[in-house]
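Below is the structure I would like to discuss, written out as structure tokens.
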Amino acid sequence: MGEISDGFIEAVTLIVTLNPEILEIAGRSLYVSVAATLVAALVAIPLGALIYYYDFRGKRAVINIVQTLYALPTVIVGLLVYLLVSYSGPLGSLNLLYTTNAMIIAQVILVSPLIIGFTVAGLTGLDKEMKYTTLALNARAYRALLTLVREAKFAILSAVVLAFGRAIAEVGAVMMVGGNIRHFTRTLTTAITLNTSMGDFAMSIALGIILLTIALIVNLGVNVLQHYNGRVKDE
Amino acid sequence: MSEDILTVRGLAKSYSKKEVVRPLDLSVKKGEILAIIGPSGAGKSTLMRMMDTIEPPSQGEMCIFGEPVTKHSVHRIRGRMGMLFQKTVLFDRTVAENVELGLSYRHLPKIERGERVAAILEHMGLSRFAERGARTLSGGEGQRISFARVLVTRPEILFLDEPTANLDPVSTRILEEMIIRENRENKTTIIINTHDQAQGQRLADRIAVMMDGTFVQIGSADEVFYHPISGKVAKFVGIQNIFTGHVRDGEVVSSQVSFCQVPVSLAGNVQNVQIMLRAEDIALSKTGITGDRRSVSGVVISSARSGAFLEVSVNAGCLFTVIVPFRQTGDVYAPGERVWIGWRSDVVHVIPDTS
Amino acid sequence: MKKLVSVMGVFLILFAVIFAAGCVTADQQEPTQLKIATTTSLYDTGLLDAVQDYYLKKFNVDLLITSQGTGKAIASAKNGDVDVLLVHSPAQEAAFIDEGYGVNHRGIAYNYFVIVGPAADPAGIAGMTPEEGVAKLKELGEAGTSGIVFISRGDNSGTHSAEKAIWKSAGFNYTAQITGSGPWYKETGAGMGDSLTTAGQLGAYILTDEATYLAYKKNNNLPLEIIIDEGTTLLNRYTVMTISPEKFPNTNLVDATAFTNWLISADGQNFIGAFGVETYGKALFTPMSTLKDSTLPPFNIDCKTPVVAPSA
């Protein structure tokens, strides 16, 4: 009991006094996950839109696979990216292992299915007459999709925010490809793992509080977006 | 009228083995208003989307504006057509931006777009809505905005898929007037789907009846409403009195009721017939029918008010349904009461019974 | 809607600031980088964090230290992902060198593994040799004596290897007679710290390196005491190796060689010998150079001859 309360008090002290190591780690976590989420969004939203727009053989199967990948285990992504960027792997010459770029790549792979799937779902949730209308107004595919994505923006944005939440909270992939190197690739989650195994619970709790706060903000963001989404549907 | 602006040959659509539209042909003349009527599920909407080229057919070909519809011509052709849907589609932006959409897809200069949007809103009496959020409008207003969004692209062929099905009677009237005005002012060819036969009658030069995925009858309103080619069409266009009968001594007879002389249109030695008589075309009297009408007497089975009309069932050998304006007589018909019913023999429609 | 836009605006600005911050750090004058794979039990003591800070300041070389179990650390070295390997598992080190992956092998420090357990010592093994102790534990454990549990890392780490060596020396076949032999023998498959915590909560015996134990004892009131700390099989020897440029020409030979030579230099050895005195009241590692001759058993490692960069 005392361990927890002592740890908690020390943790709050670390945060309030803006401990530079904590700030550095939190900043890196945000940088990696924000970058990964933005890159994933840039790739996954157009991809999801194309899957929605075109009818092709096996479309149902593709959507099923994408949805299955929502639960892609982070360590599997970590292993995959590790094997890719390891010096002996196909991308070894790029020297990506143990860098934030490798962590970003892993998180992009991790969260892209989520954004693809929710983009497809968000667009499918629109009235089908909306797609017909853009077609009937003689829009080319990309213009039609721009219009439709804009209509589904709240659903898609909440997917992006959720993806960010998954990215910043995961530990398996960044640990494997980032190596948890102090001052270089240490993030909130890998630092918590390390400090816990080193017995430094105060540091772990402090980092945990920051992670929880970020998760809370993410959750609030999703709620706000879903509120707007609901209002659009009601009108 | 002038040349065919749209022709369709053997057009059909199947979704995973299910035939929604069975191979059908159609020609539409420039400036014409054609109504496609039929029960829901007949394939009207699918057919319309195929003709607007936004849904690929499973088979068949189309020629629009004198040009076959192909991968290469489709955008050029589609750009000269427009379509309005039953479900009002409004994008989450202002009314003006909604109306502008088709013009921006066409990459028109910003200034021209603004002018055309303002002009069409003005023309349709919708200018006051221009800067409103489109989603704040009522159903009727929204559908008019959707219509403006189509008209601003100056379509030469306009497809209207049940455009008033979700609207109240007043909004329906306003939109119908706009449709007729568009046809008169711009000679726009209009093809309208409706399950409301009266609307078909109000708007159309020609009516096509679609059932089970294909056309069963195409003709003028008179032909379709008074001379349906089958019992099924007759039922759909609201003919309540349909009897099977036969020809005897030059008379058309069913259950001892003699309806009319055998019409000349009935070819050869047809024996079995279907007899159709609109409920509105039958006169009803408590005292007897005079004049040049066929008349029989019978017993009232039931009577019920239906709006401003009275619907009376009379057993006179056959079971007749008769509709009379209620206020004209103020009469009440009690079950068991003896009455006379009568009709002019030229309103009886007789077709051979092929079943 | 307006509110939403402004919320998103704030987010965007935040993102921009973070990115800008990322760029600024990246723009600083770049020290060279040396990649080091090491084991958790060494890293978790904090020694290498201290070395990292000191070394950057003194030589403008960034030590990128990733800590993994010995098995994984050796695997990443075999993939060419690091320049230097810092481990404590003589058998695995020998195999690594035999296969041609490692060169310039030098000893840097040692300490002792200890067998820790509940202060009451329910098995009564205090004062025994490690071999006698574990044999007694096995006997009592298999007899179902209550309160007798032994916790093993079970993760092929250096500590786990040392534990297996003790069982072997005590005359047991590890795979046939020890692992899976009953509820008294539990494998955590976790790092040293986690395993110690588990042992503390179960009131179990466990083999641990002294440094991690001391760190845990101090920080977390670990309820375990040192029961056995003498015996040649308890020696815990830390060594450094450079990844052979013949296998991986990308190895940073310049910095690897310099780092190895610093570790065995007087400055490096003093740094290691002083680490932990302030915090724990005693040094966590004994510098290898304090031995008269480290090439003799049980150490069997050169700790004096400076290394030269091998040619690729």
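Letters A, B and C mark the chains as written, and numbering starts fresh at 1 in each.
As a working rule, a contact is a pair of C-beta atoms (placed from the backbone, for glycine too) under 8 Å apart; a residue touches a chain by one contact, two chains touch by 3 or more.
These numbers come from a predicted model, not from an experiment.
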Centroid-based (C-alpha) most distant chain relative to chain B: C
Central chain (distance from its CA mean to the mean of all protein CA atoms): A
Centroid distance [mean C-alpha coordinates] between chain B and chain A, Å: 53
Whole-Å separation of chain centres (CA-atom averages), chain A against chain C: 33
Interchain centroid distance [CA atoms averaged], chain B/chain C, Å: 85
Residues of chain A whose C-beta touches two or more other chains: none
Chain A residues touching chain B - in the complex, by the definition given at the top: 127, 129-130, 132-140, 143, 147, 150-151, 232, 235
Residue ranges of chain B touching chain A (in the complex, touch as defined): 49, 52, 54, 75, 78-79, 81-83, 85-87, 89, 91-92, 101-102, 105-106, 135-136, 146, 149-150, 153, 159
Residue numbers on chain C that touch chain A, as the complex places them: 1, 4, 7, 11, 15, 18-19, 21-22, 35, 40, 44, 46, 49, 52, 62, 64-67, 76, 79-81, 190-194, 197, 215-216, 219-222, 248, 250
Residues of chain A that touch chain C when the two form their complex: 3, 27, 30-31, 34-35, 38, 86-89, 92, 95, 97-98, 179-184, 194, 196-201, 221, 224-225, 228
